[in-house]
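Look at the two complexes coming up: chain A is in both, with chain B in one and chain C in the other.
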Partner chain A sequence: MDTTTELRKFSANLDSLEQIREFLTGLAIKLGLDKGRTYKLCLAVDEIATNIINYGYLKSGITDGMIYVMLRSGKEMLTVIIEDTAIPFNPFENKIPGEDELALPLEERPIGGLGIMLAKENVDEFRYEFENGKNRNIFCVNLR
Partner chain B sequence: MNVNITTNEDSIIITVEGSIDSKTAGDLQSQIMGTVAETNNVLLDLSGVSYVSSAGLRVLLMIYRQIKSKNGKVILVGVSEEIRDVMSMTGFINFFEITDSIENALNSF
Partner chain C sequence: MSFSVKSEVNENVAVITITGALDSSTAPQLHEEVQKIIQLNPTELVLNVENLDFMASAGLRVIIFAKQKLGSAVKLFLVKPQEQVVETLRMTGLLFSVTIVDKYPE
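Presenting the complex of A and B:
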């Protein structure tokens, strides 16, 4: 089978964001994803990883948390799964800005919600699961 | 991320290099907002910026609000295609002038 799986763990602090992006960029480019879509995948993962670090772990006082990043690639699809053991955080329960809000002048724009919107819009599929005490965010990009 | 600020008579040039993510956006904000408060026009040179997340967009929003309240202008230079995409997806793109050279930007203040 033509499948690649790579797993790496990162400390749940903001210094890891750049390392996660570098890890994913290196693999995605090697697997043939173009620069633009690689950027979008990194952006989607980065936004969710930021929430996990800031809200899942640090705000609940956990300073030694970990984030597990797995990249799996087959012929049709590249999948990134990130897992953490922070408090349950379902990104789909967060309000994201609708078209009416996005059309508002920047002076009147509410500040929140953009990160989760960017996560959803920059990959072909984005899912969330909570199982056995773990948050699992799943990002899929079609390779064809 | 590195930040450099040049102050002119009626504008400032902020040059940023590196990534603007949740780790660095706070630093960027604290390094520039004091100077932004003292000018009417901001030229933000992003030629050396490879990545902007929503945290970076929030800094753009703050610069925009500060300058807009003084009827000034914010002009961006050197915005990569990827960053442009993020700005249009979030409806930010229409509020900023984007040009391809510092010279053009300075002429339009």
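Presenting the complex of A and C:
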């Protein structure tokens, strides 16, 4: 079958964010994803990778953590899987700002939850699993 | 494009030019610049973002922070944001709180 899989690991520090975006952009463009949807995929992944680096590993007390980024593409779908070994963090248990909060003027708005919201809204499907001591965040983009 | 942030204040108008990618690694630099600007009590804040290629929620939080510190009387302009940046602002409801222009002064 026409399936491509690419895996790369990155150090869990903020300097890796740009490298992860470059890795994803290079492959997504090659697979024919347009600029707008490539950007959205990068944004979704960036938000979750940021959480893993800033909260997951920090709270675990792990200083040399890694983030594994796997990109798999078939005919219908592009899937990005991110794995880490930090503390379990389920993004779906995080409170997302509701419509009423988003409509508030910026001066009155609580800060927070925006990142996870952007992760969910910018791909066709977003899932989370915890298995064998690993967090697994899965992002799917339909190719047709 | 590598990240840079530059600011100037003229006659109470603060202009910050942001280039490159605004993510969690670079947003602290913008935050610092915004904090300096707040001390000067500008009447308008102009973000020149024509060459801002990427903006994550860390960047949104700095915009929210600026707006909250400056208060609703200080207008916030975004000059020539890229389409994807506008889309992110729309998705998060921030579009209502900023004024998008092609150039400043209009």
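We take it that the second predicted complex is superposed on the first by the 143 of 144 C-alpha atoms of A that agree within 3 Å, B and C clash if a C-alpha of one lies under 4 Å from a C-alpha of the other, contacts with A are read in each partner's own complex, and residues count from 1 in each chain.
As a working rule, contacts are C-beta pairs under 8 Å (C-beta built on N, C-alpha and C of every residue); 3 or more make two chains touch, one makes a residue touch a chain.
Model, not experiment: these values are computed from the prediction.
Taken together through their common chain A, the two structures put chain B and chain C in a clash. By the touch criterion defined above, A:138 reaches neither chain B nor chain C. Touch criterion not met for A:31: it reaches neither chain B nor chain C. In the superposition on chain A, A:66 contacts neither chain B nor chain C. When the two structures are aligned on the shared chain, A:18 is found in touch with chain B and with chain C. Look at A:77: by the touch rule set out above, it reaches neither chain B nor chain C.
On chain A, the surface touched by chain B in one complex and the surface touched by chain C in the other have residues 14-15, 17-18, 21, 36, 39-40, 42-43, 46-47, 50, 53-54, 102-107, 109, 111, 114-115, 117-118, 121-122 in common.
Residues of chain A touching chain B in their complex: 14-15, 17-18, 21, 35-36, 39-40, 42-43, 46-47, 50, 53-54, 102-107, 109, 111, 114-115, 117-118, 121-122. By the touch rule above, chain C contacts chain A in their complex via residues 21, 23-25, 54, 56-58, 60-61, 63-65, 67-68, 71-72, 83-84, 87-88, 91-94, 96-97. The touching residues of chain A, counted against chain C in their complex, run 14-15, 17-18, 21, 36, 39-40, 42-43, 46-47, 50, 53-54, 97, 101-107, 109, 111, 114-115, 117-118, 121-122.
By the touch rule above, chain B contacts chain A in their complex via residues 19, 21-23, 51, 53-55, 57-58, 61, 64-65, 68, 81-82, 85-86, 89-92, 95.
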